[in-house]
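In what follows, chain A forms one complex with chain B and a second complex with chain C.
Up next, the complex of A and B:
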């Protein structure tokens, strides 16, 4: 698949024909065709180091200037494939005067982490971007669509601006009993942390219902927080709202302290990342699992009543795979479903492409559309369709809506986008299933 | 230049409103409260004037549910001072006339050049607050303001009139304006900033006791709109439904 985006043509600084004139004797030398004809001053000498100094002064911003320009990050950057981006390019542009704090580029990074994977100098854009964004936000510089999400999250505890009291409305359609801890505070084994998109998005709710049915059929002792649950806010943190993240964390920890549970299981790799990597930094340690890990650990107990005859390809969520090293659990589940033929996309596992939703990208669709030739989700859906798969399986609540939209907009309506929980549920209940 | 912005809290419509047991008010125990969006525009206009001309901005609000959050957010955005007026029942609905008198009684002890407030609110759709404030304080008033420009000791304001017209007029200061829209969308106060404001700044409390009782409107009955018939659900394929819609529109002589 070709590289897209609005690439800038390289600037040629070597002269085709050049004559050097001695300032003393006036004698002329024709150096046309010689090895070095770069006779103009190098552009770098026009700029100071103030741009880097300001970023390096921030906690998390230190590593941008470590870059020595190898460029390995550029071809693996998902954003660069559809626009003019890439950490190396950002480094270069800061070097030549870009005010990153006020630039549109600041909001384009999805913090997918593929650049850090290949970077020999450990330039950590997952820390650099949030640090710079935090300053920009404090100065009031924030894309309007993102501002609304932050305000909603602060006010309602969810990014969608939905009624907090209706957070567990999805349980009505689950056909199994879902215990809400506020009503029944007995100790529980698994605290199912539903997170925003499984709580409120219609397609997410279907996956939540499927997961609740699976847990019930496996006799897992589980419960939810219901209206007491608030988002863990990891994407808001990466979009630059550390204060909001911390405020949410205080509320979450307070609610969690009321109940006894063994482990937290969440479908959201972003929330999973927060519980696993960020909460401990603040002294809050919980045993956190992604739902695919819990189910994979019980795979021998899952009884399938039917088959799901389909070619399936799987999209590794950045925050499950690259950020937290889990590639096997979702595949183990998919391969266990009778009838499933798993096909891998060219970009998978460590080198998986990003859906575009991370690091605030979920809420910057309009803003980023000004800068990219297509959505990351659209490119990913085309990659999925190229495998010949019938189903694009996902394990992150952001993705169903992103990929379903992308399947429509790229003319790949035949590609069904399904959460792994939905697929397991279908095969376990032997529902009629046709492609 | 001292600008006072009067803000108010309203029930947040993200939750379904319920009528209280008496059937005279919404049930205030179970709703969240947010600031009035037009008041947010008034605050933004005040802060924009401050950015231009080094004015100072005081935000004043009655003690109402979740009002501290609104006031701290205003401080985080750049207001210099926040005042909360007490002396009334903070959980009850304060009618606009009484609200105006309470704010006027605060302003009587303040030196100010300009008072900005939202042109209307969900509990004041007639937009009376700015008008009553102006008449109580005996100073000029303008409503539906969409632009404010300082010209020395007077003020040039643009007002949205009917039929897509904008009228520009000049007012002597001090004056009261009911703001329809600020020149730009309300700015963002990051949560870090709001939390900093909570730790470093104080909300001033002032008790207001009204000497004269305000005429009160008594609500006899508050109820959701009653259901009326007339809706027809069309079923069938998209094509059939479309044909049916065209037939209905034709039969009513609309197309």
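Up next, the complex of A and C:
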């Protein structure tokens, strides 16, 4: 501070040990050794177009500089609520010299799409972020944990790094026969594209088994690719690995070309998004459905043997709802289940809050814990619990594990997290299910 | 003596009014104090007009050609109205042309005496308009653009960093101008685009309190300036300009970042607002029409009659009524002409 004509620049010091406690969640995190922001120079000394020009040179990066600072994006940005982050702020920080290519902010966007929904200037962070991330990937400036997922995806064809041969291990517990096309390549109506988390995650596998039982009871002619299936890789694409996505696509298209099927049905809104919006840009057109859409189209044929007496709230997956406009199918299914009372959260449908898993967020929990007061999934679980619901129903394979962890960490263990497929399966099979 | 529609002022609004009245068949006299027609855009050497960036000389030239083609229009340049007799129509006006006094019988009068640029020397912020050569006003930059030579007045070098400071002399209770001058956001954006076209490598900044781009100017000027010409808009106004190492240090608060800013510039352009011109003030008194507290002529029956004044048969158009763009000048000119010609017929 300047004192009596003796102007001295503030000294930037490092704190040896410091723990910051979130006033929201009570969560603590360690900022030891980090520079205190209060001691950085507060004066902005330049603005410029150069940062925008670098980003605008990338395909999809043009719109960042269109921001005129209205701030509509910030209140709907899920990350802003738990962190010092928001699209408008990114614009201003790039204008004041931030190197987005090497900044932590680059990895915090979940590409949930809520900012684009409200942006009057159509600043498209869903395109800006992946474009910049792609460069950062090539430069090797990418969070370690994300890099590992990319390597696993490259090596094993799935984000979990699991053995590809065990991709259909879940079918053993389904209690119904699940046809694998490699073993029985006859034409099939529904190609069930299981995707990673229903294939490998224990809770995902349970949902996959439930879905297989439902399809069987509805006499749907379906089959899976088994060990020939690889992830569609849409989240890897949005996390910046466009090259990996394209290489996966080539492999997927080649496998698909071997079989005859009418439509692809997947539980993963991210894969659904890839098939519906990205594959056609490369000339690959398939009839793709989210599993909730297929089941909703057959709702009149579903026979429920029992009831599921519960208050239920539903979390709209970003890539099913906002990105692809499907809000009704999951609700139609939930409302059809005898005993279910559907309670909506304040933020739902178009304005649904993000679970934090999209755009690579699924694999950045460690990284994000250094930047956020709590996980997005924790904030969302809190909202779900506030409705008084017994069950948080989900329709995206990323969410069961995220929300179950969050329910525990926020002290909301009473809130059961269930996939809609599991709930349908219970009511159809007349299992004695009570809260 | 034939009763005429007398238009006082030969700028965009006055010429628009005179043409419209002439088209309706009325005898018209235009009284212009300068030796030439064209008003502010010509007098102040505007390079181009907002929002289409057309040459001011060409646009005004076309308008003047249309006016002078009428047989029923008299144009008195280097002339001023210096007296009026009669409190109601028809009025008798004393006009001085050079040293020659004449009388005009006016069935109706249209005041088109316009605005003057706010004098930045009266600004309460320390912008140093008269202290630093490289601090200029919008119209100074217009003149440079018209010459095709945008340089730092202090040394003739091409500026690499140019900023505009908005709301100079407008929206300020202390200065006494509590109104928004309406056009400066658009004009600054237009000039910013022109600077970028003239000096592609230059960084151009606009520091603002609110960007007020009404109507189509939003997509005609603001968005292209930002999206295609990469003009950097910064919300936060400059409060002082200081000399530093041969350049200008602009200081203010970046309000969206909540942080102070100190940025070096080669040239600072003050986006000065509009004030009632001396001619507007003088004519208001001479013709006895009510003015608002800012010296502009009060439209007595606004909002749906934008041109009638407190005196029957006397109308005001364009920036004599308050901050106006060219569309306002043309619109009010046409409306006043219709009313003025109606008055002429009513006398018969």
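As a convention for this text, the second predicted complex is superposed on the first by the 390 of 435 C-alpha atoms of A that agree within 3 Å, B and C clash if a C-alpha of one lies under 4 Å from a C-alpha of the other, contacts with A are read in each partner's own complex, and residues count from 1 in each chain.
One rule holds for everything that comes next: a contact is a pair of C-beta atoms (placed from the backbone, for glycine too) under 8 Å apart; a residue touches a chain by one contact, two chains touch by 3 or more.
It should be emphasised that the depicted structure is a prediction, and the values quoted were computed from it without experimental measurement.
Contact with neither chain B nor chain C is seen for A:419 once the two complexes are overlaid on the shared chain. Once the two complexes are overlaid on the shared chain, A:127 sits clear of chain B and of chain C alike.
Contact with chain C, but none with chain B, is seen for A:69 once the two complexes are overlaid on the shared chain. In the superposition on chain A, A:45 makes contact with chain C only, while chain B stays out of contact range. Of the two partner chains placed by the overlay, only chain B lies in contact with A:138; chain C stays clear of it. In the superposed model, A:105 lies in contact with neither chain B nor chain C.
In the superposition on chain A, contact of A:92 is made with chain C only, not with chain B.
Across the complex, chain B is touched by residues 134, 137-138, 140, 142, 144, 147, 150-151, 154-156, 161-163, 165, 240-244, 246-247 of chain A. Partner chain C is touched in their complex by these residues of chain A: 42-49, 52-53, 65-66, 68-69, 71, 88, 92, 95-96, 121.
Interface residues of chain C facing chain A in the complex, by the touch rule stated above, are 203, 205, 211, 222-223, 226-227, 230, 232-235, 254, 256-257, 259-263. Listing the residues of chain B that touch chain A in their complex gives 12, 14-16, 32, 34, 77, 185, 187-195.
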